[in-house]
Amino acid sequence: MFFHTKELQYNAKPSNPDPVYAKKLQEILGGQFGEMTVMMQYLFQGWNCRGDEKYKDMIMDIGTEEIAHVEMIATMIAQLLDGAPVREQEEAAKDPAIGAVLGGMNPQHAIVSGLGATPTDSVGYPWNSRYTIASGNLLADFRANLNAESQGRLQVVRLYESTTDPGVRDMLSFLIARDTMHQNQWMAAIEELEQNQKAIVPSTFPQTLEKQEVSYSFMNFSNGEESSKGRWASGKSMDGISNFEYVANPKAMGQIPKLKPSPAYIHGSVM
Amino acid sequence: MFFHTKELQYNAKPSNPDPVYAKKLQEILGGQFGEMTVMMQYLFQGWNCRGDEKYKDMIMDIGTEEIAHVEMIATMIAQLLDGAPVREQEEAAKDPAIGAVLGGMNPQHAIVSGLGATPTDSVGYPWNSRYTIASGNLLADFRANLNAESQGRLQVVRLYESTTDPGVRDMLSFLIARDTMHQNQWMAAIEELEQNQKAIVPSTFPQTLEKQEVSYSFMNFSNGEESSKGRWASGKSMDGISNFEYVANPKAMGQIPKLKPSPAYIHGSVM
Amino acid sequence: MFFHTKELQYNAKPSNPDPVYAKKLQEILGGQFGEMTVMMQYLFQGWNCRGDEKYKDMIMDIGTEEIAHVEMIATMIAQLLDGAPVREQEEAAKDPAIGAVLGGMNPQHAIVSGLGATPTDSVGYPWNSRYTIASGNLLADFRANLNAESQGRLQVVRLYESTTDPGVRDMLSFLIARDTMHQNQWMAAIEELEQNQKAIVPSTFPQTLEKQEVSYSFMNFSNGEESSKGRWASGKSMDGISNFEYVANPKAMGQIPKLKPSPAYIHGSVM
Amino acid sequence: MFFHTKELQYNAKPSNPDPVYAKKLQEILGGQFGEMTVMMQYLFQGWNCRGDEKYKDMIMDIGTEEIAHVEMIATMIAQLLDGAPVREQEEAAKDPAIGAVLGGMNPQHAIVSGLGATPTDSVGYPWNSRYTIASGNLLADFRANLNAESQGRLQVVRLYESTTDPGVRDMLSFLIARDTMHQNQWMAAIEELEQNQKAIVPSTFPQTLEKQEVSYSFMNFSNGEESSKGRWASGKSMDGISNFEYVANPKAMGQIPKLKPSPAYIHGSVM
Amino acid sequence: MFFHTKELQYNAKPSNPDPVYAKKLQEILGGQFGEMTVMMQYLFQGWNCRGDEKYKDMIMDIGTEEIAHVEMIATMIAQLLDGAPVREQEEAAKDPAIGAVLGGMNPQHAIVSGLGATPTDSVGYPWNSRYTIASGNLLADFRANLNAESQGRLQVVRLYESTTDPGVRDMLSFLIARDTMHQNQWMAAIEELEQNQKAIVPSTFPQTLEKQEVSYSFMNFSNGEESSKGRWASGKSMDGISNFEYVANPKAMGQIPKLKPSPAYIHGSVM
Amino acid sequence: MFFHTKELQYNAKPSNPDPVYAKKLQEILGGQFGEMTVMMQYLFQGWNCRGDEKYKDMIMDIGTEEIAHVEMIATMIAQLLDGAPVREQEEAAKDPAIGAVLGGMNPQHAIVSGLGATPTDSVGYPWNSRYTIASGNLLADFRANLNAESQGRLQVVRLYESTTDPGVRDMLSFLIARDTMHQNQWMAAIEELEQNQKAIVPSTFPQTLEKQEVSYSFMNFSNGEESSKGRWASGKSMDGISNFEYVANPKAMGQIPKLKPSPAYIHGSVM
């Protein structure tokens, strides 16, 4: 069960309206790696958690924090839209600078949401839950989480670089700092889990059942062998079990497929 | 530019038809973490790569391999559908075992694809490119890749567990082995990159610009303090720069938001 | 079965081309609450109608009218795109006003539809049928319809405000008037239905089977009690059956959930 | 900012596992009118609210409650999946009853989520944010909310009818009761708002600007005049301003559209 | 503008209820090549038509007919769902044949639409407008239409094969016949257009501007030269302008791409 | 199995950066009829092919070529984005020409992909696999392919018309030429197949089972008889079997549908 407190987790006060930037900022609200994604991803991981209470509580802690991040950005966007000149059609026709702003806005910010934030990304594409994962395997999911926080911080930094508004930058500096923590947090949780199992997910599947002759082979399918110079092409494998092997000319090991004609009721090809 | 060779990378020969399993197997073909996802993700990362040729070549190597994995699974599914009793309506009505098979099939395997594989997941949802990421930051993307291979191997293992068909299991044992390699590969590439930069993505953004007072704080937003026992709540931070701090009672640091009424032409609320 | 007559239901004649406005106008053609939505929603409600012929006929009357509204707006958009300067690249580079127009257009209006309307909204997102509902319960659906006409009229009014083209405004003044009627119509139909049943949908489910101790309680989950001042927090409930109660400090009534570990074949978390 | 408490708002304890029912129950979690929809709809309406604090607080109260409903259903689904026989392939082939269960499950409950709830509906379609609306006009949005609670309660009742599990029914009886309250709540809020404005949304647009000759006309576009017998076809209009008129033979009032040929660079039709 | 007549274009009367078949039949209602697709595709082609009135009228004729086909199938599905045993949970548990039916149904047919048709395909995926095309070039679009009618008739035939219900087959025999006509119709229209222009769309682009050395070359990118035996590999080209050429070993004609590092504010890769 | 060679199939070298054009060019990369569509469509048709090896090899040849086209366009877009002024916020505010560029860019090209191509269309909508078809009937699918190449060439030509950059036009001139070949190729394959079967897909369904009285009738559902002047309205039918008939006043042949009330557990309408 949840409770809401009116104060934002951190300030969300733009210094000036900027409807074009409001459109861009939607990316970290409702985009693939926006706050809605981590919020829903963590909450579902928490609710589905079948492990140690320590993990479940930790996931619920951060999932609950992320709702507050969605709130902050939504609030910021609504304020950036205050004063958006969506109506002054005639003036815009005369003043190309206003025209550029109108052309750069998300029209739904005026027509659909009435100057409010929308649960969409920076091109207006709606958020959907296939952005999230809760697999029932914490090591797998913590890697998903580390990725989400890495992509997320990268996007927030790029948005920081594309505004000079002090109020917006102040809020983003908070989100960037939290993403610093969250990347650290998932790295810590991953390290802890890896101490109890092999690094390869899932570690409970017996490797004797996999086709072990190709379990540590790097295969060169793009001509040129620059890839042989990487850490992945020689030396001890990262799971400590074997050594990397570089296969310069990988061979096909399978059949040439030949499918049977389909039965009559399928009405397949006549040739 | 690409060339195709007729032989499959590895055998894809089911021992028996099984249309219900064909439906399930679609998950690792066209699902969120299926082979289409890693194929397109790696190819776009390679094409967009602005870095050292060593990385670009490596990414293109694996991206090209993944097309072959899509090919193997598609071929397997088409064969699993051979012999699917989609027509024998009357018999099915009398024989509940056949009815169960018919009910468990994906109807599009008969109606739409004529007993062929479809570029969709196990519930028939079409693959879409928002499953992929190519961010222009290799460390961020390699974390995405490690996650994809972790979720992917987990799903293949679960599919291995839910069939006893020797031919299907043989193919899956190959894919599981390649996912072992690919998890190792991305871990190796991540380690190599992390030697040249801080672990936090993006490492080029000056931390002085972030709100550093919250950069290493774990905040307890779900009642109960079980989360304080994890590695993320105390000790050296994973980036080696600071120490984790546990905030048992996190406080709001922001304003109570109060939006202005919308302008008249928005026709907002009357109260 | 349907018949088409060539004349539009009302004039759709813009006074001037305006490709940027054409993009915006798409919202009420193919958006969440555009004419395609009400058209398909009403038609499916009519086709699925299991009630009195009076209702079925009425729904088919309005569903059929809505096809004509889609037609009018599509026709208007095609004309607004006539004369769109999509080609004059070099001139645009020199003239920022033309550049603003090009930047503000939907590129698909040139590349994909060849200056025709598209079945999408103002950000180019395709119309999809999850925008509609036909539940088999007319009171529920008439509320959906009243909502659709309310959101729809609001959007048309906002579009009216953002153009000064007399021809466009003339067409919109017709659509706004029809939405006035359609809001009235659904309110009338709702009132008629509510005279034969309780206001709560579905009225046929015995309230003795619901957890009646919370059936009329307003629960305060956001700190501060401003919400206690509303009509919903005290006085007779709207269904006339009970009284509203304000719960200032709602309590959890459920268990602390604890899920079992997953079976081995799921390969869940190792801790 | 939000806080989480570990106890559920109400009990979510199934008496028996039932993976087929788990699939169905997804509808009210991640479906068009499921709990995720009302949760996100109310939260965005609250964050974007530009009106009286009384309304904003009320919306945040209910939005916060809805997160708890998502939590309860997710928890219930995870428990219904405990014991799902996803592996026993061979036994299933022999026992049609098990086969029917396997065929009726959502395969992603095993392969993707590892026996956890997914943020999708009962056919596995992912939740997306176009299910929600926050228009910046409270009267419009409260009608959306009343509709959502009407459709939602109808769906929960149908799910109640299709199980006999006492634990599941107990939880559903709570949700049905809350939907009773929430329908009442939105009706109360609507009534309060309508006292300050006309019933037609948006009430601030001058009716003199709409094409008033068709503002109160019911038009008969489906042959047969059964629809003339409804409340919508005669008598005082619901907004109290005019009288309904029945137009038995509606006439086209617009032009026969004739579009200009497209410019050469569009490469339109040759005829 | 449109008018509706109550009678269906052809009979839609199933001999027996069959909820599993109702699910399958959705494919030709709301699937990629279902009746909703051709209906919306033709209507938009008609509304956007910038050509000879003969074509516009013809397209509107068939577009209007297709609405009637949607109506017939929706009506059929609603009747197939009459008598669906969605509630008899306990009996189903005992009788595997009933269980198979329940497992094979679309659960939304009970929970969401209350035994009505839904605007979705056979896996419950919602119809969306990206299934359609109206390009502003009639020859291009008539090829789209011929394809749609070919895929559509194929799917209807497969559905005919998977039922023995005389009433369903009667309706399908009508739809199959209409698809026979509609394939003929688009072939006729294509032939007519091709008499006035070259067969290659768009015919108005000067071929001197294309890279003519590869305009008639078949390139062998999959090892093995079986493809050299087809009509496409030698002889006069179909547009009558040149001759097909078989390139057994196609060569790359482009550069090895090398992208510049991204600017600092993008925070790209560090290596 | 596939191999990659580093050289592009043809040059992809823009003469100048142009981020607005980069956004437009996405249409033929990740749009409905972009290169990703034909690539995936052909690959799946090839993998599912149950016919003569000649066809399978041919389809794999072209499918493999299309991957190279995706590669060329992705490479071009990444270079067009080099030098995009996404950061210079302050300067842009002063210079409307820069503002127009910023407003016309796809913001995800900066925020999400870091100046790389994205697998989306020109409005940022992600590519999805419902754009493709592989039906198991080659004649049906070759018509789909001819359509795709017709729409595709039309779009490339329109993009050629909207740039003057010599490097971009050079690459497009190659793609246009290949589309010339590919239209020719599919026409040739269609002709070859039609020599072995009737032109109507599927040709194996006995026409005696269809409702033959409407198999060759053109029905006039839009008032006015301009459509009677077309080739489709009189003369020999295209399949050579019958003659076209023009039905000026098509009659309904079906029942007036009347659905039964739903069972009690559906909680349908009360009236």
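Lettered A, B, C, D, E and F in written order, each chain numbered from 1.
To be clear about the criterion, contacts are C-beta pairs under 8 Å (C-beta built on N, C-alpha and C of every residue); 3 or more make two chains touch, one makes a residue touch a chain.
Values in this document were obtained by computation on a predicted structure and should not be read as measured data.
*Asks:* Just to be sure I understand the contacts, which chains border both subunit E and subunit A?
*Replies:* Common contact partners of subunit A and subunit E, which must touch each of the two, are B, C, D, F.
*Asks:* Counting C-beta pairs in contact, which comes out ahead: E-F or A-F?
*Replies:* By the number of C-beta pairs in contact, the winner is E-F.
*Asks:* How many degrees of rotation carry the C-alpha atoms of subunit D onto those of subunit E, rounded to the nearest 5?
*Replies:* My answer is 120 degrees for the C-alpha fit.
*Asks:* Which integer distance in Å separates the CA centroid of subunit A from that of subunit D?
*Replies:* 27
*Asks:* Compute the distance, rounded to whole Å, between the mean C-alpha positions of subunit A and subunit B.
*Replies:* Once rounded, the distance between the two centres reads 11 Å.
*Asks:* Could you grab the centroid distance between subunit D and subunit F? Build each centroid from C-alpha atoms only and quote it in angstrom.
*Replies:* That pair's centroid distance is 33 Å.
*Asks:* Listing for subunit F: what residues touch at least two other chains?
*Replies:* Only 1-9, 32, 47-48, 50, 55, 60-61, 63-65, 68, 75, 78, 86-87, 96, 99-100, 103-104, 110, 112, 114-115, 120, 123-126, 128, 130, 133, 135-137, 139, 154, 157-158, 161-162, 202, 205, 221-222, 224, 252, 254, 257, 259-260, 262, 265-268 qualify.
*Asks:* Building nodes from the protein chains and edges from chain pairs that touch, which of line, ring, star, complete or other describes the result?
*Replies:* Contact pattern: complete, every chain touching every other.
*Asks:* In the complex formed with subunit D, which residues of subunit A make contact?
*Replies:* 1-9, 30, 36, 40, 43-44, 47-48, 50, 60-61, 63-65, 67-68, 70-71, 74-75, 78, 112-120, 126-130, 132-137
*Asks:* Within their complex, state which residues of subunit C touch subunit B.
*Replies:* Going through subunit C, the ones touching subunit B are 154, 157-158, 161-162, 265-267.
*Asks:* What does subunit B use to touch subunit D in their complex?
*Replies:* Of all residues in subunit B, those touching subunit D are 20, 23-24, 27, 31-32, 96-97, 99-101, 103-104, 121-125, 154-155, 158-159, 161-164, 221-224, 252, 254, 257, 259-262, 264, 266-271.
*Asks:* Going by the contact rule at the top, pick out the subunit C residues touching subunit D in the complex.
*Replies:* 5-13, 32-33, 46, 53-58, 60-65, 72, 75, 78-79, 82, 86-87, 110, 114-115, 125, 128, 130-131, 133, 135, 137, 139-140, 143-144, 146-147, 150-151, 153-154, 157, 160, 173-174, 176-178, 180-181, 183-189, 191-192, 199-202, 205, 207, 209-222, 224-227, 229-232, 237-239, 244, 250, 252-257, 259-260, 262-263, 265-268
*Asks:* Touching residues of subunit D toward subunit B in the complex: what are they?
*Replies:* By the definition above, subunit D touches subunit B via 1-6, 47-52, 55, 86-87, 89-90, 93, 96, 99-100, 102-104, 106-108, 110-112, 114, 120, 123-126, 136-139, 193, 196-197, 202-205.
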